[in-house]
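Read through the structures below before going on.
There are two complexes below, and they share subunit A, which is joined by subunit B in the first and by subunit C in the second.
For the complex of A and B:
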């Protein structure tokens, strides 16, 4: 079954525009409709695994028209986005009853999903920017959805920094267009291969790294994330931390660096530096936090560091003409950690939402002893914590192990050591969550706490099962070749991207 | 806010019609030439901006309630997306395929004809309404906030 690629963008968009018209009475219908959209998108994403496809919108041929490109990397990201979106949407059925204007929430949620799907499918650098803005604008509104003082402040801060990132990206696109005369990524890549990098293009690359670095919240650019992610409603935190920073930040950065500009030693070292800084700074800031969601938000920074580290080692090996298998191993670690992080971090945010909904607080010091009151939340939270800390049967272990093996192979023993140490500190901070939320003494005012059943539970258990099963993505031979390897191959192929996408070039 | 003098009020209620007409002209001529829904929609919204400056916010809210503007915007966006998706079911099975122009119209091929643009002109009208209604809402929402002069005293 072949699915027309624009449907990934058009279906959520069209339903997003229908939903606000339902008003207060049609809330149940609107919720059901939104859930049908996210679930059908998940089905589409599963159906599009392993395909390479170029779609020309309206049959306008490529340098003139807009094209969408589906390749291994895109389909991996599509899968991650739509899995998390489906789970977060299921979770919001009950969770968002606490807020007013649920239909507007659903509409913004679908707009964000449409934007992210567009970013990963776009084969055109300007459309990438347009979809990136759709997703970002929807997320600014969603971060401030509660309309409290803190939430609006976080949203404003996020909007200012996000707009700065967008200006960087737009300016870089303008420079690229001025220097190469095209906006299609394959054509830009070809033009850069023919004429080499000049000062303008190098500056554009630097601005892309700053802009997408801001979107991905890597460490010198991370200031907005610890405010924005905890302030949003829990399913939105799950979407933001789970997939938004990856689709908008890491995916775009990887696509631009590996496929459009080509890797170089300097870029490899910049990526490694950003990665190590994010890992170390993020995790040490996280340990001291006493706000449940804020702690998780700092861990997002730290875990993004792992992904960027994997990409950086891969870029460095490729730029030095080292063994492609070693580079592929490092990138595989990064990409696998990306999808793993999408699953376990969104699960952690959903469990934090469940705890917050039952108890009304997310301050660790006011919680405690909830293990008996919230057995399912506790179980799923433990699974996710074990995953993020890298405890063996769960998915986080496999990706971290691949990263460690890759950095040892590449001769960076100190990077392997840093990876392991950061992982240990992660374990400490998640033991802290277990201790202060689920173990210890139950405060007097929380005696009446009840477990959240129904769709919230289904969403959490679904993601917890994925945490347990995703190790098979590298262990089971067939799955690895069909899902992860194509994504890695797109990046290790580097500049052959343009020839792969448009053979006549 | 009671608005401005009677001269401004009278003139702006005449000019409003002209601006809307010009906006429709811009949308309309966007089918094959560089105009179109986006620019025309801004004209539509600016006619209401003029009214708001002349008569004050309450009059405009009575004339075009925000809830109606939101409905217009939603329907327009929905229509635009529906036109795009309908391309999948007609003609060549392509997203955004301009099926009217290719197949069904007698005047097709004559470039200056409005109708020759096919689905493009329909989409342009949808964009015009969407941009007009949304920009109107943006202006209306911005005008709810006013500098707090009481605090400084």
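For the complex of A and C:
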């Protein structure tokens, strides 16, 4: 069964504008409808695994028209986005009852999903920018959804930096259009291969790295993330940390660098430097935090560093004409970590939301001894913490192990050492969460705390099961070939991307 | 030369957005950057003495039964204009959201000065 690609964008986009019409009375209907959308998108995403498809919008053939491209990398990202979206939407059913204007929230949520699906499917660089703006605008509004002091401040900060990033990206697109005369990624890639990089295109690449780096919150572009992600409602934090920074930042960066511009040694080193900086700075800033969600947000920076590191090692090996298998190993580590991080980080944010909803606070010092009061939250949080810290047999362990093996293979022993040390510091900070939230003495005012049952629990248990089972993505042979390998192959093939898209005459 | 001025405008906007302390001025700075990029896009398609990229009877060559050869060489590029329209709409949306967040922040804090709006730290 083949799913028409525009459905991934059209369904959430249309429903997003239908939902506000339900108003306050039809809230239950609107919630059910939104959940149906996210779950059916998840089904679509699962059904689209392993397919390669080019869809021309309105039957205008490229380069005249706009095309949507589904390949290994896109379908991997689609899967991650829609898994997290479905879980976060289930979680929102009850969690968002504490806010007013729930239908507006659902509508913005679906807009964000539509934007992200559009970004990963788009084969046209300006179209990518438009979808990126849809997703970004929805996320700015969602960060400030509570309309409280901190939320507005965080939203403004996020919005200023996000808008600057968007302007950079648009400027780079204009430069590319001026130099190559086309906006289709495959044709841009072909033009660059024919003419080589000139000063304008190199500048465009630098602008892209700054713009997408800002969207991905890599150090030194990370300043907005620790404010924006904790301020949003918990399911939105899960979406932002879980998939938004990946779809808008890392995916776009990887696509532009590997498939459009082609890798070079300099780019490889820039990626490795950004990755190592993000890993180390993020994790050390995280250890000192006393706000549950803020701590998690800093870990997002650090974990994104792993992904970028894997991509950087892969790019460096490819640029030096090294062994493709080694490059593929490094990129596999990065991509696998990306998916894993989507799952365990969104789970962690959902558990933090559950704790916050039950207790009314997320300051670690005010919590404690909740292990008995919130048994399920505790269990799922432990699973996610073990995953992020890289404890076997959870998924984080496998991707980190692949990254360590890949960096040793490539001859970067110090990178392997950094990876392991950062992982240890991560473990320490999550032991801190366990110690201050779930163990220790129960404060007097939290005696009445009750576990959140129902849909919130289903969402958390679903993600926790995924954390446990995702190790099989690399261990079970068939799954690896059908899900992860195609994504890696898209990146290692590099500039062949254009040859695959442009129809042969 | 026009490109250099356009880049200067972009840099002025960036400077304004980074250095200014007033929230509204930051928003204005971002808008200046967006306008600079829009201007740049339009200039990419501009051609001195060019004609509008619309095929009417004057451009149609009855002898060869198709558009006259001079049309492609003389008309301006229409694609950047379409892109600019899209990007103006997008920046309008983000401007509305930014200004409404500024207004809500002013209601909460009573000031536009970002040095005084500092509840988030660390």
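Convention: the second predicted complex is superposed on the first by the 503 of 505 C-alpha atoms of A that agree within 3 Å, B and C clash if a C-alpha of one lies under 4 Å from a C-alpha of the other, contacts with A are read in each partner's own complex, and residues count from 1 in each chain.
By definition in this document, a residue touches a chain if its C-beta (ideal position, glycine included) is under 8 Å from a C-beta of that chain, and two chains touch if they have at least 3 such contacts.
Predicted, not measured: the structure shown is a model, and the values here were computed from it.
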Return first, second, both or neither, reflecting whether A:147 touches subunit B, subunit C, both chains, or no partner chain. second
Looking at the overlay, what does A:160 touch: subunit B (first), subunit C (second), both, or neither? second
Of subunit B and subunit C, which one touches more of subunit A's residues? C
With both complexes superposed on chain A, which partner does A:14 reach: first (subunit B), second (subunit C), both or neither? first
Does the superposition put A:6 against subunit B (first), subunit C (second), both, or neither? first
If you stack the two complexes on chain A, which partner ends up touching A:354: first (subunit B), second (subunit C), both, or neither? neither
Using the touch definition from the top, say if A:92 reaches subunit B (first), subunit C (second), both or neither. neither
Using the superposition on chain A described above, determine whether A:174 touches subunit B (first), subunit C (second), both, or neither. second
Tell me which partner A:59 touches in the superposition: subunit B (first), subunit C (second), both or neither. first
Which of the residues in subunit A come into contact with subunit C in the complex? 126, 130, 133, 137, 140-141, 144, 147-150, 152-157, 159-160, 163-164, 166-167, 170-171, 174, 177-178, 183, 226-227, 231, 285, 288-289, 291, 294
Using the touch definition from the top, list the residues of subunit B that touch subunit A in their complex. 70-71, 74-75, 77-78, 81-82, 84-85, 87-88, 92-98
Touching residues on subunit A, where the partner in the complex is subunit B: 4-7, 10, 13-14, 17-18, 20-21, 55-59
Quick check on the complex: what are the subunit C residues that touch subunit A? 10, 14, 17, 23, 26-27, 30, 33-34, 37, 40-41, 44, 79-80, 83, 86-87, 90, 93-94, 97-98, 101-102, 104-105, 108-109, 117-120, 122
